[in-house]
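Some structures are shown below for you to check.
There are two complexes below, and they share chain A, which is joined by chain B in the first and by chain C in the second.
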Partner chain A sequence: MNKTLATMALGALMAAGPALADLVIPDLSYRTGPFAAGGIPFSDGYNDYFTMLNERDGGIGGVPIRMVECETGYTTEKGVECYEATKNEGSLVYQPLSTGITYQLIPKVSADGIPLHTMGYGRTSAANGEIFEWVFNYPANYWNGASGAINHLLEENSGDISGKKVALVYHNSAYGKEPIRTLEELSKKHGYELALLPVDSPGQEQKSQWLQIRRDRPDYVILWGWGVMNQVAIQEAANIRFPMENMIGIWWSGAEPDVIPSGEASNGYKALAFTATGDDFPVFDDIKKYVHDAGKAAGAGDKVGTVQYNRAVYAAMLASEAIRTAQEIHGVADITPAMMRDGMEALNISEDRMAELGMSGFGPTFEVSCQNHGGPGLVGVTQWDAAAQKWNVISDFKPTDGDVINALITEDSGAYAAENNLSPRCN
Partner chain B sequence: MFYREAGDFKTSYVDDNQTFPIKFDRYRYYVVLAVAFGIIPFLINDYWANALLLPFLIYAIAAIGLNILVGYCGQVSLGTGGFMAVGAYACYKLMTAFPDVSMFIHVILAGGITAIVGVLFGLPSLRIKGFYLAVATLAAQFFLVWLFNRVPWFYNYSASGQINAPERDVFGIIITGPNAPAWATYLFCLIFLTICAIIARNLTRGTTGRTWMAIRDMDIAAEIIGVNPLKAKLTAFAVSSFFVGIAGALFFAVYLGAVEVGEVFGIQKSFLVLFMIIIGGLGSIFGSFAGAAFLVLLPVVLKVTGVDLLGWPTDIVAHLQLVIVGALIITFLILEPHGLAQLWRVAKEKLRLWPFPH
Partner chain C sequence: MPEQLVFAMEVILNGLMAGVLYALVALGFVLIYKASGIFNYAQGVMALFAAMTLVGIMNGQVPFAHLINATFGTHIHYFGWNVPALLAILLTMGVMVLLAWAVQRFVMRHLVGQEPIILFMATIGLAYFLEGVADLMWGSEIKTLDVGLPQGINLWIDESTFNIFGYGFFIDNLDIVATIIAALLVAGLVAFSQYTKQGRAMRAVADDHQAALSVGISLNFIWIMVWSVAGFVALVAGIMWGTKSGVQFSLSLIALKALPVLMLGGFTSIPGAIVGGLIIGVGEKLFEFAIGPMVGGATENWFAYVLALIFLVFRPQGLFGEKIIERV
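On to the complex of A and B.
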């Protein structure tokens, strides 16, 4: 025991030794608290992909990556502390995996000049790169998610959902409130009735919301939860015998820890996705070989192939590709956060490149531009098969209602610009 | 030897009644003020300000406020988080409605609005006591958080339901928003803390404080000797909420910059501030400082030693932190129920006798 401690201390000292050239990636993770069920696999995947690059290629462009992990517990106060503690290490990009922390960090990163990548979460209108210079939320955002869910319902009802009742069960926070505007706009367009049912954080208490659902009998339920709230919601839905195939979760409400606790009852539950499921991709062979077999896995090392792990691998891939792009643009291997931003803005994820990385079909392909920081917003649908214990893709990545979403993005980012006296920059 | 009354002659009543009658105490107080105002602002950086000093200063104000109510007046309150939220939202509404007014005025007004709300929720204290009052203030906590989540007017109809502090200044120096320099935010909070502490100290030494303590020690006896319980309890609620409101306003505007009411001002905030005054010492201004410092610094110290120095996994350290803080709280309550302030008192008594104890 003492020896291990001494080695660890020595290792820490060596790591903290003379600053060689390295690419610093902070990982604001949460492995504790009510949201750890989602935080652990994400952090594991994010770490493992970069470890794999270090072990296999010696980093990116010959420069090793240094991960700095900081526990936020999904609380904004600790998130701020983590940001302040890591920002002076030369951190290239922040990925806080929390909409609350994102709202804290948007003004801070804009002032400090460090890019923020909120993949599939955060402030949706940050997709407007004209206003949000340092914030990126490609490849899809919440409003794409809301529209994707409605599109799926349209498909199921051959294009007509007027008069149907849709209930939104959401985490009563900035995260959960994000889709409301879009769903309201879409309800005007498609004529469905929208009911809003907020659940207070962290979300163990949902009896009254589900009693209301039992009474009102909505045709569909859209779930916008995270962490412990998801499994409780699915269990409650099972308790009132709500048909699972009529329940659709956002991508943060559709992972293994959310459905496994309710066992057979959760069979048929659907969730949106922008990444593939399972571990049937060549990239996982490398991760197994260089990371897990070498004993360098983050966490317990048992999350490979789960939904949030895969999503984190995709996030890490986007970050490393942005670093590579930045290195090419500037011809420097040891890049700065400002160069990283240029790399993210010039990011081009093509099918060929995905295949080279061993991730063909793993997620949508897209290009980022100065105007569009939000990507194409392609959304797929997955369904849980409780017997086989796996998520099946039932609808491929499809486009969402751009007209409605873009108008809302322009409106909301315009409000932000007016608040902060910003003018559009891409000219 | 150097810490005693002997030899420090007072020639006027004013001198005799001063806050720190012992010379050593007085000079220590001046030194602390000099370091806090004269030296730290030049050394401070973003990390020190945002991770340690701002939360300490702001929690200290909240702890002083709660200590007046619980420690001095004996009225148990679990509504601190809700009252901080009132301060924060009042400050937000004022900041957005009157952008040209100085932040000092906004924060003080936010405190005033919280005082009014506090008095309103303090009214039941005339009829109910002890645990029952705790439950009533708990209702205030949940009601206020629900209200700020429910009524869009409070968050200016923003889509996310969050409030974001716009950039505001004091005499041209930016205090809120991401461009505010660390020293300015630090000094801004420090000024409020200093003034609050001086006011609280002098209130508790005077008539008002004595009526509070009379009510705390035995309300019926206090009433018989002529203390008006209505006035005493409501002033305690007002003053306490005023300080808590200032803390809430600073917490939102200067420290966090963006707030989601359920997460930041939830019930756990009420408990945190209550733990601060229990660990620091009920009925002691110094205790409020000590408790706030203890609960703000300890997690950071544990994190820095565990993760940065020893290289342990972050989740182990986060869990260890819960264990250690919990164990320390229990140890304190068993070994020193009067808190850190009592340790300090004992140390001072020992110093008086030093170097010749009996």
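On to the complex of A and C.
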């Protein structure tokens, strides 16, 4: 009896206890399903960067990184299942790449004490670290995106877009609806007329929306789509001969798979960005040498330099720098999720550090604090060159409308705090 | 003429064109249901599989390249040649015939005599299996499909309507091509079923399996033939939809657009699929145009089902479906 109990106890200990001396990074990927075209390069880049650190540096601070990939198919239920299945592995930070999954995970990570990084997506008001202790969305959020698009239109019109018609073609989901409030507030400020055109998921059929655009003749279209919705929208815009240079997409509507199916017709289409394009950065030399050439790539190794791959490399770099910061703060190499949160709140991405990492100019430099989990909200603009098959940066990372955005963040996070009976922290 | 009326006419025309595309998908369902009583849940995935296979063949892509490379440590992805569109379509048709044979040989043959719900569940399994195989064979990246079909605004219609109404209608050239192809397809299917030996055998099987067997018709052959024809229809639908949006996983979801068409037109009628598609196409587009702005838009997906349900209340078998009378 005693022997049986002892065996069971040992078995339970082995099963329940996380492997020691591993920095566990879960990857809630979607390599299958309707959104795989975006999910695959992101997951490849996220994995490849950590693999490069393992191969080149032996991990971070001497501790190897262990990636735990779980397929969500971009469905919220599977995303939550993946979280539940991996959280006890000692997971340090989640990057689910889905606003739907993010909304479901916010209460869970808050209860479990595990950081959630939703880079450029998720719940925008999570930028308020006083309310959202475990959620981070640096370096930019949806409302920065909305403001960045309007700023670009202001630049194009010598600072005056009053009387202009701007149509928002958006994915009819929590993700697609995120910019509406911001765009409405900005329309009051700048005097443009905003038209809202929702598209039901997945967005394969958009004839009605584009016929309306053809009838109403807006001056600009802001595209807020994901997956097939992007390709169809750009093709339909080309079909009705809407000027591509007057169409600007959020960063999730501005990757190669979105424009390539339309061929030449997509030339001139613009998209917002918070990471650089192309593969002309020293970090890719190391990824090639230690990962791809060594046969350790997460995918086929053919996505380097593409928008989503680069974005994922940037996300992985931010996570690894937060781990490094946490190790320095706490003086231990094998950190816990709570220590990771401290590292993320003390994160300092400086020009010098970016240069050391071989990523100078790859993304905005910024500092995170207990109060500000959202970063600086700097947004750039890229434009598709169909002949060269590449995105060109036409506007550097620039500030967005902090007055409007911060007021909205305070309002929304305040409502969340009231609903959940939370008191502000960081005092 | 009032401006709104002119706009409504443009919407109706575009609704008719969209309806043809929905009908193309619905046709595949009807063919298999009519001949075997199986509601083929995998029809949408067959369109995806066919389109992916077509692009893969055209681009000279090595099937299962990732699997081969991972197993043998090779780095092969392409054969290094391109196949002309017409030849690639014929080769894809060959693949769809092989698929039809495999479905019949390994799935349906073992389920003869089972309840319809069992057969339906089998096609759900088939759909997920095919999704996986398609990804494994050709990869899950979005692929550009260009078989030479024209796209973009039809300038003649634009100018003609502008001269008449003072507003040029938008009609996509691709939709016009789809309409012509759908008409040819339906004419071809009707001619096949009326005037060929195999077509008559197919109708005999659809009417009564037992009676067809008793006069020496091979059920096995007929079902392979029906699945092959459904595969051909899936290929046509895949080409049309794939040209619009690129060939990607979402193509499999076009089946959702066919369901209200089937509910409305009936599961057993080829003309029903066409008429149902047109009614759904026009209905959803007009509703979005007239009522959509008042209720926040994005009404098309759900309104198509509401429209189908309204028809169901009055004609449960659909507009052209066969009335089922069971006596106790």
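Note that the second predicted complex is superposed on the first by the 408 of 427 C-alpha atoms of A that agree within 3 Å, B and C clash if a C-alpha of one lies under 4 Å from a C-alpha of the other, contacts with A are read in each partner's own complex, and residues count from 1 in each chain.
Please note the rule applied: a contact is a pair of C-beta atoms (placed from the backbone, for glycine too) under 8 Å apart; a residue touches a chain by one contact, two chains touch by 3 or more.
All values derive from a computational prediction rather than experimental measurement.
Considered on the superposed chain A, chain B and chain C are sterically incompatible, since they clash. Of the two partner chains placed by superposition, chain B and chain C are both touched by A:N172. When both complexes are overlaid on chain A, the residue A:D200 reaches chain B and chain C alike. In the superposed model, A:T32 lies in contact with both chain B and chain C. In the superposition on chain A, A:I240 contacts chain C only, with no contact to chain B.
In the superposed model, A:A85 lies in contact with chain B only, and not with chain C. In the superposed pair of complexes, A:G61 makes contact with neither chain B nor chain C.
Shared contact residues of chain A with chain B and chain C: 31-32, 36, 40, 172, 198, 200. Within the complex formed with chain A, the chain B residues making contact are 46-47, 50-51, 55, 149, 159-162, 164, 166-167, 177-179, 255-260, 262-264, 266, 300, 303, 307-315, 317-319.
Against chain C, the residues of chain A that register as touching in their complex are 31-34, 36-37, 40, 172, 196-200, 202, 204-205, 207-209, 211-212, 214-215, 227-228, 231-232, 235, 238-241, 257, 260-261, 263, 265, 295, 300. Against chain B, the residues of chain A that register as touching in their complex are 5, 8-9, 11-12, 15-16, 29, 31-32, 36, 40, 69-71, 73, 75-77, 80-81, 84-85, 87-88, 99-100, 103-104, 107-108, 110-112, 123, 172-174, 177-178, 180-181, 198, 200-201, 299, 412, 419-420.
Chain contact summary for the complex, chain C toward chain A: residues 7, 10-11, 14, 18, 66, 69, 73, 77, 131-132, 135, 140-144, 146, 151-153, 170, 172, 241, 244-246, 248-251, 253-254, 257, 285, 288-289, 292, 296-298, 300-301.
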